[in-house]
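Presented sequentially are two complexes of chain A, the first with chain B as partner and the second with chain C.
And then the complex of A and B:
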């Protein structure tokens, strides 16, 4: 599974971006999107399109964790969302590895279909993403508590990035 | 900052940094930063870094603890010195006083200083309100020690938001709930939070010619920040309504925008709590 994670401010400005691959089941943590080079802007495009769905569902449920809210069939991408109290959106695009990928294909036969790297909609995957989001939320609150961080500005702290990468490695 | 003197650039820089307008603080001699542990930890986590390369260019404080190593519940029940707050706030007021033309301007300035605080406090409040966050693990060893923090509920309707203000925000700021919460009888968009002894007014003497001024506009700014952050756009203002018993009694008037009330009606119709 390949992941694209982005934090979006209430005014739809990206504050933090991260692309990574799965580290579960022998994954090497490198993202391999199906749409190749175009993934870099297509992922941004798909995630921003999903913001409309977020606005539809955010007033119906008081939960911060909104689960999978959208998908993009051409690349088999799923988008999960976590929304904080200040309407900052944590969006995670997750895309299972392509079967044609030789290295991943040889491994996938040994993995059950419910494991995190393969099945984007299984309860296990959902739980793993929820744990990931919760951990990022804690890091986000810590960033907010930094008196030198101004609301609405990109997060540039390398420690924050390191911690998010660590959370991704741990849960996804 | 990018224009640091060449003599200060560390020669063993990674190649990716050499050409980029890197704004690392480590371009400066290490002797320039002599701070205490707490403030330097804040400095490091605020250091801008253009790339994810975690090379040795990042400066850690001597304890190697950044703001990300601190547990968010650690200072949950800790209290700050009232006199230091009074001193700091007095400076804020006199700073603003020197720069404003009228009372409205004065209150606007104080309001603007409180506003970002409210925006930031909202997420902290929700984090601490979540289940699992109440675990009193004081070890800041792993960031997963409080995993349930994200499960708190966001306020969707007016009443949960207002109770959040009076029963969660107020205890966080002043260690006590607000004295009362009322709805205006004339305007359904107006709510009032009443504080008999606002901390901000306690040590500030307002001159006679400015008796309209309420320095609690700072608290109103915090309230406005929380409401705005939660998606309830409003204007909050502080008004002196001193009585014989409570000379500093202050009413915080919160006037929500029309579209907030429209949404409130729609959510009520749909049965959203």
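And then the complex of A and C:
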């Protein structure tokens, strides 16, 4: 599974972007989107388009964790969203790996179909993403408390980035 | 409606000068808004300000003065007024008309089929008029739209008048031939793709209006109409089974009555008999074609009386002239092109007429207007008095004998008992004789042939539903399809099941009385029906053309049915892309439809919630990208503008620029489109309208290139403008004013500064 994580400000601008791959089941943490080179901007497009759905769904659920809210069928991408109190949205696009290729074939026997890298809609994946989102939310709150950070500006702190990468490695 | 520019625009020679001025300046204004270059728009202004108000005031003054007199001047002003009105509403429809357009296209695609079986003499007569395919070709264009209103009575006895009713004429031999070898259907999608390839490539109609936002593009309409029209008969639906057959002889036929009889015999039992799944009890209509140029009318008239005595009321005497007609003749009229063609026919037509198009001559033969009016009245009489009457009778009969028995209490009990205990076994007419107790199958389905025989109640019901559908009695049709769905599911007759689901969905949606707000309107049912239809067509019957048809029809009709429905429509449109049902051209056309599905979605009352503008923009950009790949920059530019508009409608329209890669990509795409457009314009490549615009520019090629250059390096924009100013100042100061402004190239951009300074020094 490949991930594209972005924090979107209340004015729809990106504050923090991160692309990474799965680290579970022998993954090396490198994103391999099936649409190759175009993924760089297509992921942004897809996530941005998903804001339409967020704006609708956020009023229907009492939770901050909105689960999988949208999908983009042509690349089989799913988008999960976590919304914070100030209408800052954590969007995670997750795309299962295309086909288990020959090298992964030997390993695939040990991976059950419900494991995180395989099935984007299974409860396990959903739970993993929720954990990830919660951890990132804590990191986010701590960043907000940083006196050197201006609210509404992109987050440049390398420590924050490192910690989000860590959370990704831990949960996804 | 769309009939004139729907099928015709491929064949129309590009004789722009003959088109009057108002149609010309419409695309121009459209283009100028897109380019946003002040030159183009202002250049087109002087012409209008100088000409049209003068004309208008002149004519209105004239009409004021002469309104009471009946002098020709008064008529002149009237024609001016009419011109003005047609200019306002003819080429550009209202955005809201988009749905009506597609709806009418869909409705007319499912018109009754009338087979033609003509004696060789009649075909010869048509051949003398320059029609290769005989009498059918002569008759076909007139069936597309029957002149005048056609009154249809529905099952409850209420009558409605339709003014866009039509029938499809086909050769009977073609129907029976294709029925046995259902092989052309396989290539239907490939042919369609080939045809669409042509129509965006060589045959691209530069003069056609680019549709505005919300309108359906003519390319998509072409795609849909060609997809909807299939030529061959299929067991599972009866739209292409003949409702009636026209048996025609000519006045030069020897032994006319015997010939008619033998022709009839052939349609009943002979070579032209229908396959066992098609109902052979269709209407026979006898036509005597009288040759006005050669034969004696009194003889024909006597023969016609004799025909009426033998064959009853369904007879017609058609008077045609056999000599061929040329354009220069007094009452010549161009034979219109048939609106409904299969992709193959369209391709072969294009091949045939390619040479003629180059010579800029008319592509279809001319006929005498007396012939045209005779044909028109013949088709009207045939349809209004015989075909529709016949269908109404059949509907009443089957509704009474087959359907009502099923709908009643006992019918329900029977089907129940059949399903659970097999008690209804005695009532089955088990032709195959396989014991299917408990499975609920009626046993009428012949699974080896994949068809029911025509006299099986399932077949009759389907025919009843199709007849009702074709006569636009959607309520009856939908309820009958509903009955059939369960029957077919029990019999596991997959193709029939898919067809019944598809048509049930469409008939319910076409019914204007189905209110989308009502409690009965559940989007999930349509979702389910489309799911069943597409799955059965595609996976169980491997018929992608029909699957695509079902999906696109569902999409078109669902997308105007409120919020949830438009979501489902978009979902199915995307699904059809995913399933790989469409080729590259089809892909981009369907992408456009996805965008329009999302953009049509209405929000929650007056808040912006529930809108899908960003998604619409995304799909517009995808479509633009694909149009660029197909080499149609002008359409791509339009899609990009649309996307821009959609983004503008969101709350934070500028936010998109903060996504770095995305913004870069968008900028590149925009630039590519502009470059291509500029190039095309520079070469005078893309048709007469643009050439005209170029001339109006008065600036020449340098300006266009300059524009794209400025786009290319926005940082240098200021510099270059300064450079240009100084350069122009220098040129006007020193050299003769005739010296053209040199086209700016990046190489030269750096140099002019010292040059102009030199000039200044020189002065």
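Please note the rule applied: the second predicted complex is superposed on the first by the 164 of 172 C-alpha atoms of A that agree within 3 Å, B and C clash if a C-alpha of one lies under 4 Å from a C-alpha of the other, contacts with A are read in each partner's own complex, and residues count from 1 in each chain.
Note that in this section a residue touches a chain if its C-beta (ideal position, glycine included) is under 8 Å from a C-beta of that chain, and two chains touch if they have at least 3 such contacts.
These numbers come from a predicted model, not from an experiment.
In the superposition on chain A, contact of A:14 is made with chain C only, not with chain B. Once the two complexes are overlaid on the shared chain, A:28 sits clear of chain B and of chain C alike. Ranking chain B and chain C by residues of chain A touched puts B first. Legend: residue contacts after superposition of the two complexes on their common chain; A:131 is shown touching chain B, with no touch to chain C. Contacts of A:59 after superposition on the shared chain: both chain B and chain C are touched.
Judged by the touch definition given at the top, the superposed model places A:37 against neither chain B nor chain C. Look at A:45: by the touch rule set out above, it reaches chain C but stays clear of chain B.
Chain A residues in contact with chain B (one complex) as well as with chain C (other complex) are 59. Remark: chain A residues 10, 59-60, 62-65, 82-88, 130-131, 133-135, 137-151, 156-163, 165, 167, 170 touch chain B in the complex. In the complex of the two chains, the chain A residues touching chain C come out as 11-14, 40-41, 44-46, 48-49, 51-52, 55-56, 59, 73-74. Residue ranges of chain C in contact with chain A, taken from their complex: 574-575, 577-578, 604, 608-615, 617-618, 621, 650-652, 655-656, 658-659, 661-662, 664-666. Considering their complex, residues 42-50, 52-54, 58, 66-68, 70, 72, 116, 119-120, 122-127, 143-144, 146-156, 160, 229-231, 263, 267, 270, 272-273 of chain B touch chain A.
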